[in-house]
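A, B, C and D are the chain letters, set down in written order, and residue numbers restart from 1 in every chain.
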Amino acid sequence: MGNILNQIGIENYIFLSVVLFCIGIFGVLYRRNAIIVFMSIEIMLNAVNLLFVAFSTYHQDAQGQVFVFFSMAVAAAEVAVGLAILVSIFRNIGSISIDNLKNLKG
Amino acid sequence: MDTNLALILVLTPLLGFLVNVFFGKSLGKTASGAIGTVAVAISFVVSLLLFNQITSTGKGIQVTLFDWIQISNLKINLGFLLDQLSVLWLLFVTGIGSLIHLYSISYMHDDENMHKFFAYLNLFVFFMITLVIGSNLLVLFIGWEGVGLCSYLLIGFWHKNQDYNDAAKKAFIMNRIGDLGLLIGMFIIGSMFSTLDYATLKTAITGATNLNLPLLSLAALCLFIGACGKSAQIPLYTWLPDAMAGPTPVSALIHAATMVTAGIFMVTRLNFVFDLAHDVQNVIAIIGAITSLVAATIGLVQTDIKKVLAYSTVSQLGLMFLALGFGAYEVAVFHVITHAFFKACLFLGSGSVIHGLHGEQDMRNMGGLRKAMPITFWTMLISSLAISGVPFFSGFFSKDEILLTAFHHSIPLYVVGSVASIMTAFYMFRLMFLTFFKEFRGTEEQKHHLHESGSLITIPLIILAILATFGGLISLPGNSWLNHYLAPLFTKVAGEEHHLGTTEYTLMGVAVLGGLLGILIAYIKYFKQDNFPESDENITGLSKVLYNKYYVDEVYDAVFVQPINSLSKFFRDYIETGLSALVFGLGKVTNEIAFQGKRLQSGSIGLYLFVFVLGMCAIISYIFLAQ
Amino acid sequence: MNVSTILIILLIGAFATYFSGDKLASKVALLFSLAALGCSIVLLNNYNAGENISVINSWITQPKISFALNADGLGLAMVLLTAALTPIIIFSSFGNEYKNAKAFYGLILFMAFAMTGTFLASDGLLYYIFWELALVPIYFIALIWGNGDAEERRKAVVKFFIYTLAGSLFMLTAFIYLYTKAGSFLIEDLYKLNLSAFEQFWIFLAFFLAYAIKIPIIPFHTWQANVYQKAPTVGTMLLSGIMLKMGLYSVLRWQLPLAPTAAKEYMYIFIALGIAGVIYGSIVALRQKDLKKLLAYSSLAHVGLIAAASYTLTLDGLRGAVLQMIAHGFVVVGLFFAAEVIFRRYETRNIAEMGGIRAQSPKFTSMFLILVLASVALPSTFNFVGEFTVLYSLSQINIWFAILGGTTIILGAYYMLRMFQHVMLGETNSKAFADVTLNEGISFAVIIAVLLFFGFYPKPITDLITPSLETILQVINKN
Amino acid sequence: MNTLIAITGLGIFCLLFEILNLRKAIVPFTILGLLGVLAINFCEFGMEQSYYNNMITVSKFSTSFSSLFIVLTIFLVALSHNFYHNHPTKISDYVAIKVFLLAGAVAMVSFGNLAMFFLGIEILSIALYVLAASDRLNIKSNEAGMKYFLMGSFASGIILFGICLIYGAMGSFDISEIHESALSAELPIWFPIGMILVVIGMLFKVAAVPFHFWAPDVYEGSPALTTALMSTLAKVVAIATLFKLVSGMNLIASLDNQDLLHTFEVIVVVLSIASMSVGNIMALRQVNVKRMLAFSGISHAGFMLMTLLTVSASAGVLLYYTAAYALSGIAAFSVILYVCRDHDNEDITNFHGLGKTNPLLAAILTGSLLSMAGIPIFSGFFAKLFLFNQTIQAGYIGLVIVAVINSIISVGYYFKLILAMYSKEPNQERTGRPFLIYATAVISIALNIIIGLFPSLVLDLLN
């Protein structure tokens, strides 16, 4: 099959993923529930993944897609750790709102 | 040979000082006194030898020990110059010095620190000799400040009394003001002729063409300020009367006979400098005249016997400077010598009186001591006649010379000088009458102990009285041995011999009459109608002003001392604290910023991430803008 | 044998002292300081015999920093001052009991080590390192063994440290800048530089900041009085006797030759500043209640004069400055020791609580009086030689400098005699005052002997320092 | 390469030891193992090789930095013996995590491919998240972990996006290829953007202003040993990696091509000034020592950033600075661990009178603080000296003057601690002289002074 990007153009992909990435960022900035913050971060990562795939097709080169697997795996590991921390926090203070995490300051 | 002689001359008093300092207490009073006296006596003998040598050869001896201070363009060595002038000075310094040492043995016998007293006296003689025989100005300066130190130590000898200590401090500091002048003068001369050595300086100046006269005059003026400090001339004279706090022998030796004449010595030494600075000479003459008058007026009403003598010393010194101002150095020197004799005698006499009355110094509580202490009376009478210029006593010749010179140069100053000497005659005899005539006004208890002082005290008195009588012979008008002797020192022909014409005789007559007039007034006022000075509170009018010395001390205090002290307070309390506050302030500011910064670190993840993103956007947009 | 030997002796001494335990510490320290003194005298002989006693080894290759110690007359003179004062200072402390003495004396020796290094170093960076090193021990000495209220002391000492460090760091920057120009920190290479007037101005300023704070020149002196007062007297002696001379020495060795044009151009300003220091210091000293503070301000006045002389850029000025440095070093140590002697007996430094001591202790009085007179530069004391030369050099620049600077003669006499009168004279004090012990007497005697000897015969020192000062002047006047 | 494998193997062994019930032996064994690794690493020094088609490239830079990391890890492991003595069951995990973290660190300085770089940074970060939150019953520790995790993963997202853009621009992850093509004239704007994003991600890791906010909180919250790790190892790794990125991808040259170089330099200068000023000023008012050191770390990050201005020349300087900083940090933290072992906070008051109770430790802490403040003979001084020298030669005299002013400010808070130790009375008696802590402290400060007296040892490795 011919390169689909010739019809659509890489820029659109870039814009799409940038938009997705920004959505993720804003999610992180404005949501107070830790879980949702995690999800926003996931959105950021996936935006990047999308772009990776797009670029790899654009360059006709598989490395990009391989890299996506790396990033997915890493993301998974990260989230695992994150959730673990979250659980212990929930055990200690019974809430998962990051607004409660203001004891360390000054 | 000469070197050794000079060294003996200088070092024996120093040796005496060291011995008395380290072993004095263990030696016991008489021994330490004897050591002190002998030490000075030896120097006296040496000076006699030197005198003999000088008179025979007629040229000075230069002794150089070693390099002292090196400065790029002038090299100052530690050396001595023994010529007519210095030897002359040596003679009466060591001579009168040893007499006064002798006197002190008895006078200070009741003081527990007698050995210290003699140590200081010896140290003084040491420094005085250094001052006199130094071969350059800086060696003179060693002695100059050294004698100042000794006078500080001796004025404050009874150190438990803070008033005495104040007097001592005052003396030292006022001298220091003069010394600064002297130093500056040295600097100027040094930079002009790149030498401070008398001999080289003399050749340099006499040989020099196109001298920078204004600068030289400035130097001369500075030197004269130094002389003012040391020789208690206006405006730096106030320390001398206070210096009477010291034991009386000290007043006799330091504050009458020797140290205070250092100024005259220095000016005479540097006559070749002053001869070229005529304006300065006029200044000297005027200041001398004024000083002599002012001091004399104050002397009229003082009631403390030593204060009277002190002010008379100041006024006599003023007369000497009057002579110096007219370039009549030999005349000044002549008066220095005669003055040394009779003033020392007077002081020692007053000392003997005070000794007899166990420390009483106020003349209002004396009187009628003639019978009790005859020797003291007669010696003091002779000296008073001498100082009053009664004919054929030494003072008559010297003072007359001065007045003659003054007359030849400037009539007004001559008048001033004559008035001063009339006053001198008056207050001297006022002193005599109040002290020795009438009946005793002291307490009964004192009356019982009235007695003539011991021989150790009277012998010096007698010797000095003799000297005071015949001292004038060294420079008789007409043929003056002194003038011939000193002639080599002076560039211009030694002061024109007053061949005795009618003017001279009339002037002499006037002077004599003046003196007698003064004595007469005193006689009427204090002997015929027996009124004697009131107690302090009901002194009034002009005499109150005089009694309080024209309030000069108060003025100085208000104008100089107080401002400096308050300035010091101001600096200490405001400037200092302000400066350090400034430094601490920097720290405080940063701390304050830190404190505000802590607010930003609020602990909220949202904020942190927000700033994160903000920073990121800032950077990226900056890059886009830069493109 | 070369100059590094002194440093080694002192360094080993410092550690030996620390490990010798509290009992022996003071003795060991004294021993090593005397050894250093002996060593430096031997070196002086070798130097006069024309031997080369300098060291130079490369240390760091990139950037090029070398371990270079160069002992010319000036350096040796200052080393001798340090080596002579250290034993006196240590010995003078024998009367006191210090807790944790081993650290105390160790630090003293270490400081002596650093200061000696400063005087010897001929590589800019090595010099800077020693310069900074000297700061650390005095900081701890003042902090731990100091006196007075702890909080006050803390403030004073920290201020001192940060203040001086601030100055030095700018000097470091200047050095680095010079390095980028010269490609080496060696002093002779730095001397070879000829910088533009603009560069020189900033270099000069950077150095001046460092030295003005260290010396101190007004208005950078605010740390001084407090630290002098709060530090233990030994520390005060080290500070005022030697450390302060580090600054003055550095002016001669580094500041003037490295920025001669600037020095010439702004000479008058800095002379004026120094002289202002003289007058200001003397006046402030008049009304001090605390004996040590009074002495601190007096030394502010004296160093002001020395600094002024250094900036005259004339041989007389530099020579007088060095002479006066040495003289003042001895006198001020003696005076502070006198204050300590009084403190040992009366437990106070407040002048108001003293007085009437003379009657009880003639020996102490005489020694104290001699020191006082020396500090007011009475002729026949070493200080007079220094002060005369200094004032003369000033008069050569401008007679008014000499006159204004000369007021120190009057004001100095005023505050010193005033102090002496209130401390020593007057009605016999109710509290008993034991006369000086043998130890104290020895310390005083040594100082006084030095002052009097060189007062009459300063030639040895003059001959020692003059050649190196002339070379420095050549560098200054090279263009 | 072998280093990396060996380290990983060592980590696995640590886990095995737990299974084999040899807890006592873990710490000594790991230390020995790490020493062995260090030896291996030294053998690799000087050879330029790349493995697994350029995934890993061994160079002088990587080996010298790796050995620094290994040394630091040895110290940290040594300290962990006393630190975890009250929950022995966990010790193997913690030690193992530290070793894996080291693996990540080594990967980060020896990556030849952005994928490797990403993996390395993630290994490091995840390990750190775990360690930060490791004191799981302690709310502060939880909070620290959470904060670090959230912001860290956010940062990794940024980095990832940057990598992605670079890939988009270059069509490859391979550093050498990127290095080549970076010079080609027409590069899409993505490349600089991507680079900047990656750099920003790394700036977060080195805690440079304005990406520094996490540091003080996380440092304060995490267990002291973890703080030690973060403030020494993690920071050093991050700055080294950042340096390698900038130099390795030929960033300067390529920016120069598209005349963005000046922009970049301005950014670096601004960030470094901001970092050191904020770090120092904020540190002044801190009472918690860990927090104070966090801010001081921020300011040091600012200093280290100055090396980015002279990338070509200053690798050695960076190595020296990091070594000096990390060694003094280890020394300081080993004392802090000792002093605060049975306190729940690390306030300055705990240090009162340490000079009397434990003169040696007090001296060591003083030494390390002086080193950080940059007082001579301690390597910290020379680090600053070389850095300033480097920077002035590059012509940034203004920056250096700001840095100088900052080091003056820094003295203020370093000396607060010294004052507390020497001029206050002890408020507690401190018993026990744990050998490992003393040994670590002494050795690290000794190393610090040694490289201070002979800077060439370290400096010439990379010059």
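List of remarks:
Please note the rule applied: a contact is a pair of C-beta atoms (placed from the backbone, for glycine too) under 8 Å apart; a residue touches a chain by one contact, two chains touch by 3 or more.
Small disclaimer: the values here were computed from a predicted structure and weren't measured.
Relative to the whole-protein C-alpha centroid, the nearest chain centroid is that of C.
Subunit B and subunit D have Cα centroids separated by 79 Å.
Taking each chain's centre as the mean of its C-alpha atoms, subunit A lies 67 Å from subunit C.
Once the centre of each chain is set as its mean CA position, subunit C and subunit D turn out to be 43 Å apart.
For the pair subunit A and subunit D, the distance between C-alpha centroids works out to 27 Å. Within subunit C, contacts with two or more other chains are made by residues 162. Multi-chain contact residues of subunit B, defined as those touching 2 or more other chains: 587, 598, 601, 603, 605, 609. The set of subunit A residues that touch two or more partner chains comprises 28, 98, 101, 103-106.
Under the contact rule stated at the top, the pairs of chains that touch are A-B, A-D, B-C, B-D, C-D. Those residues of subunit C whose C-beta lies close enough to touch subunit D in the complex are 60-63, 103, 125, 128-129, 132-133, 135-136, 140, 143-144, 150, 153-154, 158, 161-162, 165-166, 169-170, 172-173, 176-177, 179-180.
Here subunit D touches subunit C in the complex through residues 316, 355, 359, 370, 375-377, 381-382, 385-386, 388-389, 392-393, 397, 400-401, 404, 407-408, 411-412, 415, 419, 422-423, 455-456, 459-460, 463, going by the rule given at the top.
Put simply, subunit B touches subunit D in their complex at residues 587, 590-591, 593-595, 597-598, 601, 603, 605, 607-609, 611-612, 614-616, 619-620, 622-623, 626-627.
Contact residues of subunit C toward subunit B in the complex are 155, 159, 162-163, 219, 221-223, 225-226, 280, 283-288, 314-316, 319, 356, 358-359, 362, 366, 373, 378-380, 385, 388-389, 391-393, 395-396, 399, 402-403, 406-407, 409-411, 413-414, 417-418, 421, 425-428, 456-459, 462, 466. Across the complex, subunit A meets subunit D through its residues 10, 14, 21, 24, 28, 34, 37, 41, 44-45, 47-48, 51-52, 55-56, 58-59, 61, 63-64, 66-67, 70-71, 74, 77-78, 81-82, 84-86, 88-89, 92-93, 98, 101, 103-106.
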